[in-house]
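In the two complexes below, chain A is the common chain; its partner is chain B in one and chain C in the other.
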Partner chain A sequence: MHVHRLEKIWLSIGISMLAIFLIVIAATAFGMGMSPPSEHHHTIDPTQVTTTAPFDNPGLKQTGDNRYEAVMIAYAFGYEPTTLEVPVGATIDFTVTSSDVVHGFQIVGTNVNMMIEPGEISHMSYKFDKPGEYLVLCNEYCGTGHEYMKTTIVVK
Partner chain B sequence: MTGIRPHAKQKSGALTKAELDKKEPGLSGTFASVLILGAFIAISWIGVFVLFIARN
Partner chain C sequence: MKQPFDRSDGKLVLAHILFAFVALLLGGVAGMLQGTVRSGMITLPANIGYYELLTAHGVLMALIFTTYFIIGFLYSGVSHTLGGKLLPSVRRLAWIGYATMSAGTIIGVIVILLGKATVLYTFYAPMKASPWFYIALALVVIGSWLSGFGIFRQYMTWRKTHKGKVSPLFAYMSVVTMLLWQIATIGVAAEVVVQLIPWSFGWVDTVNVVLSRTLFWYFGHPLVYFWLLPAYICWYVVIPKIIGGKIFSDSLARMSFILFLLFSIPVGFHHQLMEPGISGFWKYTQVVLTFMVIIPSLMTAFSLFATFELYGRSKGAKGLFGWFRMLPWKDVRFFAPFMGMLVFIPAGAGGIINASNQMNAVVHNTLWVTGHFHLTVATSVALTFFGITYWLIPHITGRVLTARMNKLGIVQTICWCIGMFFMSGSMHTVGLMGDPRRTAYTTYDDHPDAILWMPYHVAMAVGGIILFIGLLILAYIVIGLMRAPKGESEYPIGETAEGAEETPRYLERWGIWVGIAVVLILFAYTIPVIDMFQTTVTSPGYVTW
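Let's look at the complex of A and B:
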């Protein structure tokens, strides 16, 4: 089979680009822990969310030096607790589930962006280096009030 | 018709099938287009990756 010289060149460029992309993604995921939220598989009965720990007591809890766990419930059409106050420089481990339908949880301007599915518990961590007010939006259609579904995280 | 004089060009000036098979295809235009597309892909991938690292 005859492969043209130019075809050999662009094929090798294409294959090397693919190899580089995959290696970089693997390095950041396994080496630096930048993986999608689905990594920790953790289930719950969606009808018993408000009575199952830790969701029977949502909110911010200190778990270490400058480390907190934020336990939140997404529902139609808001998040519980409604506002979180976080000190600057703290790392927050978000533990979120839904008590009804699929919702989204995106902290605008950050990499925190995950689907909150009933029956599943989503985990994602973020270090808030900059003070300010962060908007949390639902980006998965969940019903008539979907476009109003939001909350805020205040970092001081 | 081309069986009688297989190496001759057709009256219309087009190459015969035998000649087309032997002649190397001109791929320099395709090569340029592929490189432009590759550059677009590389630049957008790197751009999104930079945003990802910055927002972490």
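Let's look at the complex of A and C:
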């Protein structure tokens, strides 16, 4: 098939740009550990969340030097626990599941943004360098009270 | 060239187009109300909920308006280019499809308005709607299949009676569009029929949530290409004729459509990048495939502007961009789709951001995404469909587009662009600040971050009101077109530029292309789906609205 010379140039530039984008994404995702939240094979019976460890005792647990695990449950329409307090500079490993429908878990002003699905456990880590009161909200429609579903993380 | 349109076919096409515009108007009322509610300007009277409106808006705009318009438009072109009229059996099939889709639409809208299905058009299992909602949408899909079969039959009959000839470009593109639709809707049909309906009736207790979302997005992304391809048909085939130019290359146009068929389906994971239950490797694989589908859009952009430039230069345009002024800016049949093309440039760039694997975390489920598809489908596609309407209704009803209607059309286009600039512009901006989509009025207990979003919500509402005015103008134009003076209007079908090479035959070897599409789908989905069957814990249903 005949392709015009100018079109060849145009497509070469376009395809090279796409290739560069893909290489950058792959290098940061697989080489620097910036993958989207995809942890696999972490399942739970969604009807038994509150009696299954670690969700039978949601909250903050220190796991290392300035490192904490936040075990949280998303439900219609809120999060358990209702508020978290962490020191500035701490890294939090979030471990979250849902006890009913699909929810979102987004911390405004950060790159923490993940889906919480019944039966699955979602993981993500974030280092809170700036003090403040961070808004955690549900960004996946989950029912009538969806717009009230929130919690806060106080960093100080 | 000015042959009158077959009267029976005209009725069929008009029935589709008018149904589409009624859905658009109703969906527009819902959309305008959503904007004003979310900005806190009004509160809805007691019994109407924001999320019922949202469900109705999504279903009516994204599924009903688009599908009806597309099927009507494709049938008009197939009738015009494949023999001048539809075979009686094809026309019957199309009417059965229409009746099936309409039954589904009416049942669906009633169930939504009764508040029995406030689950949005994306279903969101394990939220459990009335089984009639799922049945209604299944009927819409089945009806569209019947209409697709009609197009295939007309095409195959033409090929049998025109051995050795290359099919008309419009018909070829229609076949690709409906093939894409048929392959893609298998996913949503499987979700609805195998998973949701039995579960909603209570015949099974639980639903596999991760699988249901995967099946939905297997359909959900090619859905956007199902909207886009008919707009591309207009850009490739119709626009060159309207401006008085030629199609740049017939074979490249066909090749770009084949690339859409191959690469727009195995990419659904880029809507699920932030989800658990899918491995990072397969997400990235589908991100790569998603980027492949950008290539035919780059080809399209080149072809269109090549057509424009060649035409301008043939009229004596000088300098690098002199041809730009030669284009028929005062002809709404050109102006509306052209604005659509222009908007597709930032819209497409935004799409690349959305699909960029981990970068999606910045925008996932924020208003940015809503802003994005209001540029792609609600501007690029919608303005092109409006542009088609300005000549299609006159052509099939044997009337003319009057100068007054032409001028009103230009006002409508400008109104639409201004409204969308405010609405989509503020959605994009505030989305980057973390404002979630699909959420009713809230300040999150006056959280300072959420308070900052409010001015953008007001701008969104203002844009929404301007867009609604645009819709009212459009409704007036559609009625005006039906009552315009009798006369002859052409069906603009472009011809290929002289000296363009003959179209290679392999582009019509459907077995090969569908085969490759299936192989790509199996490659992208087999292992992750097996994984979902093996590891996922299923969930009971909930009614949370």
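The rule is short, and it goes like this: the second predicted complex is superposed on the first by the 152 of 156 C-alpha atoms of A that agree within 3 Å, B and C clash if a C-alpha of one lies under 4 Å from a C-alpha of the other, contacts with A are read in each partner's own complex, and residues count from 1 in each chain.
Here is the rule we go by: a residue touches a chain if its C-beta (ideal position, glycine included) is under 8 Å from a C-beta of that chain, and two chains touch if they have at least 3 such contacts.
Bear in mind that the values here come from a model prediction, so they are computed numbers and not experimental data.
Enquirer: Name the contact category of A:100: first (chain B only), second (chain C only), both, or neither.
Expert: Once the two structures are laid over each other on A, A:100 reaches chain C alone.
Enquirer: Between chain B and chain C, which makes contact with more of the residues in chain A?
Expert: For chain A, the partner with the higher number of touched residues is C.
Enquirer: First (chain B), second (chain C), both or neither: which does A:150 touch?
Expert: second
Enquirer: Return first, second, both or neither, reflecting whether A:44 touches chain B, chain C, both chains, or no partner chain.
Expert: In the superposition, A:44 touches chain C alone.
Enquirer: By the touch definition at the top of the document, which applies to A:34: first (chain B), second (chain C), both, or neither?
Expert: Both: A:34 reaches chain B and chain C.
Enquirer: In the overlay, answer first, second, both or neither for which of chain B and chain C A:7 touches.
Expert: So A:7 meets both chain B and chain C here.
Enquirer: Give me the intersection of chain A's contacts with chain B and its contacts with chain C, in residue numbers.
Expert: 4, 6-7, 10, 14, 21, 34, 109, 111
Enquirer: Where on chain A does chain B make contact in their complex?
Expert: Its residues touching chain B are 4, 6-7, 9-10, 13-14, 17, 21, 24, 34, 109-111.
Enquirer: Applying the document's contact rule, which stretches of chain B touch chain A when the two form their complex?
Expert: 24-25, 27-28, 30-31, 34-35, 38, 41-42, 45, 49, 52, 55-56
Enquirer: Which residues, counting only chain A, touch chain C once they are in their complex?
Expert: Listed in rising order, the residues are 1-4, 6-7, 10-11, 14-15, 18, 21-22, 25-26, 28-30, 34-47, 76-77, 100-102, 104, 106, 108-109, 111-123, 133, 135, 137-148, 150, 152.
Enquirer: Taking the complex as given, what residues does chain C use to touch chain A?
Expert: Contact set of chain C toward chain A: 49, 51, 54, 118, 120, 124-127, 209-210, 213, 249, 251-252, 255, 272-280, 283-284, 287-288, 291, 294-295, 298-299, 302-303, 306, 352, 356-362, 364-366, 433-434, 436-442, 444-445, 447, 449-450, 501, 504, 531, 535-540, 542, 544-545.
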